[in-house]
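Shown next, in structure tokens, is the structure this report addresses.
Order of writing sets the labels: A, B and C. Residues in every chain begin at 1.
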Amino acid sequence: MINFGLNKLSKQQARTGLIFMMPWFIGFLIFGLYPMVMSVYYSLCRYDVLRIPQFIGFGNYEKLILEDPYFWTSISNTLVYTALRVPLCIIGSLLLAVLVNNAVRGVKFFRTVFFIPSIVTGVVLSVVWLWMFNPQFGLLNSFLAYMGISGPLWLLDPNWSKPSMVLMSVWSIGGGRMLVFLAALQGIPKHLYEAVDIDGGGWWAKFRNVTVPMISPVLFLWSVLEIIFSLQVFVEAYVMTQGGPLNSTMFYNLYLYNKAFNDFEMGYASALAWILMIISLIITIIQFRLSKNWVHYDGGAK
Amino acid sequence: MINPKAKTAVKNTLIYLTLTTFALFFVIPFLWILSTSLKGNEQIFVIPPQWIPSTFMWDNYAKVFERIPFLLYVKNSVFISLIVITGTVLSSSIVAYSFACLNWPGRNALFVVVLASMMLPMQVTMIPVFVIFKEIGWLNSFKPLTLPAFLGGGAFNIFLLRQFFLSIPRDLLDSARIDGCSEFRIYWNIVLPNAKPALATVSILTFMFTWNDFLGPLIYLSDQAKGTIALGLGMFVGQYVTEWSLLMAASMLMMLPMLIIFFVFQKYFIQGFIMSGLKD
Amino acid sequence: MILAMGIFLFMPSDKAPDDGKIRLKYWMVSAMLEAPFHITEFNKTHKNIFIERTPLPWNEHEKKILTSILSDNPPDLIFLVTPVAKWATRLALTPLDEYIKRDNFDSTIFFPALWEEMKFKNNIYALPLYSNSYAFFYNKRLFREAGLDPEKPPRTWDELLEYSAKLTKRDAKGNYTQMGFIPTYGNVHTSVIMAWERGAQMLINDGTKVSLANQPTIDAFKWMADYYEQYNVKDVSSFQAGFGFAEQQGFVAEKLAMMVLDNSFPDQINHYNKNLEFGVAEIPTFEGFEPVSFSGSWWFAIPRGAKNKEAAWELMKFAVQKNIQLTEAEKQRELLFPSNSSAANDPAFLALNPSNKIFTNLIGHSKTPTIVPLAHDVFWREYIGAQERVIHKLQSPAEALKQAEKIIQMHLDETIEYDNYVRSKVLVN
């Protein structure tokens, strides 16, 4: 009797469970799986949505790898941007988290202040910094001029445009990422630090041998996520530079957008999207491989 | 040896000094934006810049409303945000409930698919999805921006709510089941009320994302009257490149709701990020 | 509950007054603030049609129009400046041949060069409404200050360089405070004009072959490189970053003494800086070569799938009539030049503005910026990119132009191939 009842109950639960997850499943089929399949097909076509697709095999891939200089420019721009931005943002947020982890009075107030810039994202962030970067009247060069330094042209100089955009994202290091790091820091047992004290180690030894290993899973997770985000950078370049000067901020995603929705070359843009997918995948796999050397999942247990 | 009290004092002074330096770095841009938004053109292009405008041009804010249909954009953005929040909260919570509190075959395998779909860059699906919406005649309407929220509400939100639901005591659900409650009642009357903080977090993060979303409206909305505030601001840059005071005033107006929400719901912001940064 | 109420409150409403009139949706890509005369007059004289004008900003206008066609809800009429061929090959426009034949519409009223641009593959897809024509503007006050004769604008590019040196000023730190001429500032690319003046042919073989790396264009790029060598790219960019629109436009703000501008500028200058004393002349040329100008055509056309095609055609015919174009010219502040040649040559029009005569004459020997119609965007993107690379000394003129030529050619070939494929598979029109 009891067995039968449980069985019936679990059968019913299985049915309800399937019904409840349906919204996601349907969404996944329509907006995930089907588009992925179609995207492969489009990437093998000439297609502008207004007319019928023309199948051309691997023509798009051949063209973008062999003959399209912008493809390579946009890849290298995106990689340089990612390589500058990710370490700076992760280290910046970590240092800030260490700083606000000090139990001094009023630290919560500072934490709030640090968080505020991260609320400003996307278009507003870009518009505001476009003005900050103005070489003649912007805040940065006014400040530098006050210090007696003649500032760079920032976004107008091909050598400075990417670093400028990285600098802009440093403004947001006090946001969610810092909070996560802070929570991780607060989860480190005190006795581990005391052990270093007994061994006579200073703050660097503590940071190097206790803090970093203990929060390495969080650091790892965020570096994976940040790299994926950075590879997809779009709005900043769209609003501030449209890819200029001299294509120095022609990021991968901006190029893809232009191909898809300015030139309506949807087939070509689909091929671009797949290459981006493959690049992201390769980088993530490499990160997982490397993570074995520095990420400690067993830390807290002992 | 240095006396430990003095050492603490030096240390604290250093900490406050660093804290203050960073605080200035984070806050000064806001003051600069505010100051610019209240200046006339002749005051903007002055070297060295003035921090406090000689005359406050409150007019700039009024001009924003004249130059672009700002009110209409706000209205559209609020409308889209409200629908997206409703859809996201309802559908991601019910899906999360299924993944967290119900047993069914293949559940764990599909949850891996949920997590994996987070890694899929939207660029890959963007074009075919655009074609789908074209085929069903939804281009240039709010539907592509709002209705998908009802289908799962995003893998990230499902993940976040599932983590939270797992922390609700199992006994609570089981005793309700024994009392003969339907699963929907359990979800609606027990799980949802217990998950208010998590739902608030999801709503706020969803709002922030929708309010700031640029690419979605850029692709789908072509009618001027259907613009959103992010789109409006983005286009404003193109049209009035050097009317900095107006641009800054418009930026201030767009930031305002986010700042208010941040100050009111600080707690949920912090919770949301900490929850999403879970170790696994 | 609150959410539901909120959604209801913010629900967008689409209400159109129901007065039995045909509502003609007319999208205009332009910065015109007021409705042009042809619209107000048409609304007055046609009781059964009401025109709803929507100004479209330049940014993303193409995407907006194409998406509206894709969503089966296009406007009935669009007003644009980009090449007709580009829109026609995408099957985005309704051919007008039947209407023209049926109504015996007389196409000889237009400047012939403008009319030619309305065609693609033996069909007519649009009517020209205005043209904009460019001339050389200079600031008489700044000329006097520099000790130059305000009635003698430079005739050759060498003269322009001499004048430019005299008109350029720097402050104590070495920053520019005034410049004579910036060859890449504005809508017109000085280098293209220079190349044309020395006979460059950029599209050959019946529109199938791009020729950019030709001697006249290489020479024009060399001129650019020399100019920026002399004035320093970074200093010029920094100075130019202070320019904007309207009263902050470089020439209007009197920061720049000479510039190639279009026929809307006499009015704009009047509006934003009344005290600016300017002269208008032909664009300089090289010793022994004829000057060339630049003029684009603004056209209107009926998108594919438009609901009110007859009404739209009615308005098109109406707007290009001589008397309508003349009155429009009188009333409109930011006027574009009439496409109807008898309107542009009418004494009443020439008397409107002292510079109108110069512009009317220039249309005779000007060339269109639509150089490679089927690869227009790519052409300009590549051309400007190549010029930038030369200016920044990253490539020699010949290298930069060869690279650009290759990419444009590739794109042109693909466009033609795709067009042929589609035409072989579906019944076009």
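Quick note on the criterion: contacts are C-beta pairs under 8 Å (C-beta built on N, C-alpha and C of every residue); 3 or more make two chains touch, one makes a residue touch a chain.
It should be emphasised that the depicted structure is a prediction, and the values quoted were computed from it without experimental measurement.
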item	value
Distance in touch steps, counted as few as possible, from chain B out to chain C	1
By number of C-beta contact pairs, the top two chains	A-B
Farthest-lying chain, centroid of Cα atoms versus that of chain B	C
Cα-centroid distance, chain A relative to chain C, in whole angstrom	40
Gap in Å, rounded to a whole number, between the CA centres of chain B and chain A	16
For chain B, residues that touch 2 or more chains besides their own	45, 134, 218
Chain C, residues touching no fewer than two other chains	63, 70, 242
For chain A, residues that touch 2 or more chains besides their own	49, 134, 136-137, 261
Chain C partner contacts - residues on chain A that touch it in the complex	46, 48-52, 54, 63, 67-69, 134-137, 150, 153, 156-158, 245-247, 261-264
Chain A-facing residues of chain B, complex	12, 15-16, 18-19, 22-23, 25-30, 32-33, 36, 44-49, 91-92, 94-95, 97-99, 102-105, 107, 110, 113-114, 117, 119-132, 134, 148, 150-153, 158, 177, 183-184, 187, 208, 212-215, 218-219, 230, 233-234, 236-237, 244, 247-248, 250-251, 254-255, 258-259, 262, 266, 269-270, 272-274, 276-277, 279-280
Chain B-facing residues of chain A, complex	9-10, 13-18, 20-21, 23-28, 30-32, 34-36, 38-39, 42, 49, 96, 99-100, 102, 104, 107, 110, 112-117, 119-124, 126-128, 130-132, 134, 136-137, 139, 142, 145-146, 171, 174-177, 179-180, 183-184, 217-218, 221-222, 228, 231-232, 234-235, 238-239, 253, 256-257, 260-261, 266, 269-270, 272-274, 276-277, 280, 284, 297
In the complex, chain C residues that touch chain A	62-63, 66, 69-70, 90-92, 173, 234, 237-238, 241-242, 377-378, 385, 388-389, 392, 394, 403, 407, 410, 414, 417-418, 421-422, 425-426
For the chain C and chain B complex, residues of the former touching the latter	3-4, 6-7, 10-12, 54-60, 63-65, 67-68, 70-73, 242-245, 248
